[in-house]
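Next up is a structure, given as structure tokens.
Chain IDs A, B and C follow the sequence of writing; residue 1 opens each chain.
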Amino acid sequence: MDFLADFMSRLIAQFQSPSLAFLLGGMVLAASGSKLQIPDAIYKFCVFMLLMRIGLEGGMEIREANLGDMLLPGFLAVVIGCGIVFAGRFTLALLPGVRFEDGVATAGLFGAVSASTLAAALVMLEEQAVSYEAWVPALYPLMDIPALVLAIILANIYLAKQKDGKRSRVSIGAIVSDSLRGSALSALLLGLALGLFSRPEIVYEGFYDPLFRGLLSILLLTMGMEAWTRLSELRRVAHWYAFYATTAPLVHGLIAFGLGYLAHLLTGFSPGGVILLAVIASSNSDISGPPTLRAAIPSANPSAYIGASTSVGTPVAIAVGIPLYIALGEAVFGF
Amino acid sequence: MDFLADFMSRLIAQFQSPSLAFLLGGMVLAASGSKLQIPDAIYKFCVFMLLMRIGLEGGMEIREANLGDMLLPGFLAVVIGCGIVFAGRFTLALLPGVRFEDGVATAGLFGAVSASTLAAALVMLEEQAVSYEAWVPALYPLMDIPALVLAIILANIYLAKQKDGKRSRVSIGAIVSDSLRGSALSALLLGLALGLFSRPEIVYEGFYDPLFRGLLSILLLTMGMEAWTRLSELRRVAHWYAFYATTAPLVHGLIAFGLGYLAHLLTGFSPGGVILLAVIASSNSDISGPPTLRAAIPSANPSAYIGASTSVGTPVAIAVGIPLYIALGEAVFGF
Amino acid sequence: MDFLADFMSRLIAQFQSPSLAFLLGGMVLAASGSKLQIPDAIYKFCVFMLLMRIGLEGGMEIREANLGDMLLPGFLAVVIGCGIVFAGRFTLALLPGVRFEDGVATAGLFGAVSASTLAAALVMLEEQAVSYEAWVPALYPLMDIPALVLAIILANIYLAKQKDGKRSRVSIGAIVSDSLRGSALSALLLGLALGLFSRPEIVYEGFYDPLFRGLLSILLLTMGMEAWTRLSELRRVAHWYAFYATTAPLVHGLIAFGLGYLAHLLTGFSPGGVILLAVIASSNSDISGPPTLRAAIPSANPSAYIGASTSVGTPVAIAVGIPLYIALGEAVFGF
């Protein structure tokens, strides 16, 4: 009861937080037919800055961190990413009206990770003074890459079986290296490497970190506009996508919260870390995932997987997921 | 005598203020044939940031403001915007060598409002520590939209009469909603709404406000280059445009100053507010107005109205108008 | 011995400085085939901001400076710029497998100046608290323009002699004014003029200066990617270019250091100024030079001069040159 009241008050407060307000603002703008556009160069710059900031901080922290502490959460990240894809493969992909490869591709995006959702959660934890191991955001690629790789493999195995006999081999190495070279993961890994091996404190503290929140507000505005614009695509595919996109992020986040809580009991993983693990699981890829899927599963329908993730998944993960996991964290850990 | 000396010393000091210096710098660059270009994406980003900053501050202030205080200045903004267009319709538009629809379109732009001129005035008032009700910049759309709408209606009534009989109906609703959806007003209204309904203080204070002056300097540099480039277009139309563009901003500003002073006497409208009302009246639309007019009065000649406003009107309003109204304010209010 | 140890420790530390780490990071990204791209508009914006910042600071300082102090260093800058081109004309351009005009064009780029190398040196001197006359960066055009002009003249004299008789006259005035109107020098001179004649302190301190280091990191990242991409071009031309590009920056810097040291003895030119003069001499033009050369010596092969300067010259000047001159400064001046 207390929990519900707390969650509701957080949910309402959340709608006033700059992060969510800008996301909603973007949706309202697009819905009202505004001609406002954030230039593509600015959008890409915002994404780059966010990922560099997350990467740099992660790298600088891993430098000081006890690597043993990262083992279990890192393992969980891989397991959750793959688990989400398997779960989607055995639910969404088998539903009536859903083509198998479309369903698997969608599950792949929901297993992968969104930098903007993660960034919004970091800002909110900071506002609430909930601390976490600073290397937690660096778990991003450990969930992102396996999920995309697995989805692509599952789809290709299915398609190969369809063509029966003519097995087209799927090169896992090529998919992994393709993912790593995508613009989002490149920026994150570059930031990680620079944080680990150089001394970027001065540009981190004077540039990447102070601009973080502001650029996030612009990014979320853009994503709100994009989400609204893509909604019409979602209408063209089976309603199951909308259902999956609304519920899956929350289910994924709750399961990840549970696994993170286990890690908390076993190895002292921090409450903030548990919440972030849930957020990462809850989020779905909106930047790097779609082009990777488009290249690797060309027969899948982008309207299905992009519509589901960008238009519904991301808003749900940010607007409902983040306050839910924070309220849960408060109820469980009593901070 | 004292006033004149004060105005002249302000005018000279003004030419050293970063705002005006960057505007002049842009004109000098363009005049000397420099190949320097501010990328369009950066220009659009600067405009967006300025309007968001003005909107956010306005919205946050309206939240706290006594709405009753805004009534009279808001009414005056509408009256001044329409008055400027009527005045232009009965002077400029009837002059020899001036086509009626070109004259009305030009008057429409001069009735509408420039975000960069307003931003330059805000920076200057801040430097001189002249205070104003923070909702004053939010009067922008109350002058901007009626002026554009009225100009379009007057032009279309005239054009309809020309084609005698075949009255093409002008849809006021369509023009208003078109204006509201333009990129400049969208950004301003989004900022207002976010300021009113969310809690954007943290991004406002950490991002939008501190970057305001710097981005304004880049914007004014770009506008200076644009102003010089457009001058050649102005030479192709009647000299009356140059005369109107030089004198009208000052006349409009002085009349608005008088009306604002009345509001000061009646309701205690602040001296800074009176100066800003004069600046808003003095300014002419350089971002959102021209494309609106181009779409709504296709037969009007853009060389006439854009040349007059961008090349002459804006520089006059910033370089002469702002110091004039501040000096006047000092003489009248003795701050 | 001590000097060598000091230089080596600086060299290693240097690879951890954000400036160099971002440059290397860019090379690694490009080498690994990353799809990350910094949008062109952002790259141009970074260049503009850097040059404005250097120009503004130079202008504000010249305002206060004793012009007499600038005479000798200014004269040296011109002499070094021309000397580098002459040296290249009598070495590189005469080597087997090197076309004369390609060699002279390359020497022109190495005589000209790089804003990013200069910016990296400014940041490093600041980190080490080595002071310098703040007008030193304003020596930039005094070395840049004469070098480019001389290279173009030498190439055109040669080409004219080839066509024997049919002397195509080279207009020095046109080359100079073309150089001054290029986007890099325009921005620098605009900044200088605004710093000299207006009062830009407020935007300098609140915008251009604080964003300097961060934008430099993005610029160096982009240049690292570019350097790697251009390497393949370098492979297509004679190996002498690679040899010249590796050694010439260091030789130029050491000679400039010696001349700067003379100025130190004669007029008290500061140790930091001597180091910066060496850095400016060591650097090669990567922004404004190539398009100027392409227009003025159309028969020269851009693969030769751009490959040599962007892919090898700039990394060498930043990674080896700057720590070398700082170590040398420490050994000589004992700061």
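Quick note on the criterion: a residue touches a chain if its C-beta (ideal position, glycine included) is under 8 Å from a C-beta of that chain, and two chains touch if they have at least 3 such contacts.
Quick caveat: nothing in here was measured; it's all calculated off a predicted structure.
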Overall pattern in which the protein chains touch one another (line/ring/star/complete/other): complete
Interface residue overlap between copies chain B and chain C, same or different (over half shared): different
Angular offset of chain A relative to chain C [C-alpha, multiple of 5 degrees]: 120
Whole-Å gap between the CA centroids of chain B and chain C: 43
Per-residue multi-chain contacts in chain A, two or more chains: 39-42, 211
Chain B partner contacts - residues on chain C that touch it in the complex: 39-42, 44-45, 48, 180-183, 186-187, 190, 193-194, 197-200, 202-203, 206-208, 211
Chain B-facing residues of chain A, complex: 15-18, 21-22, 25, 28-29, 32-42, 127, 210-211, 213-215, 217, 221
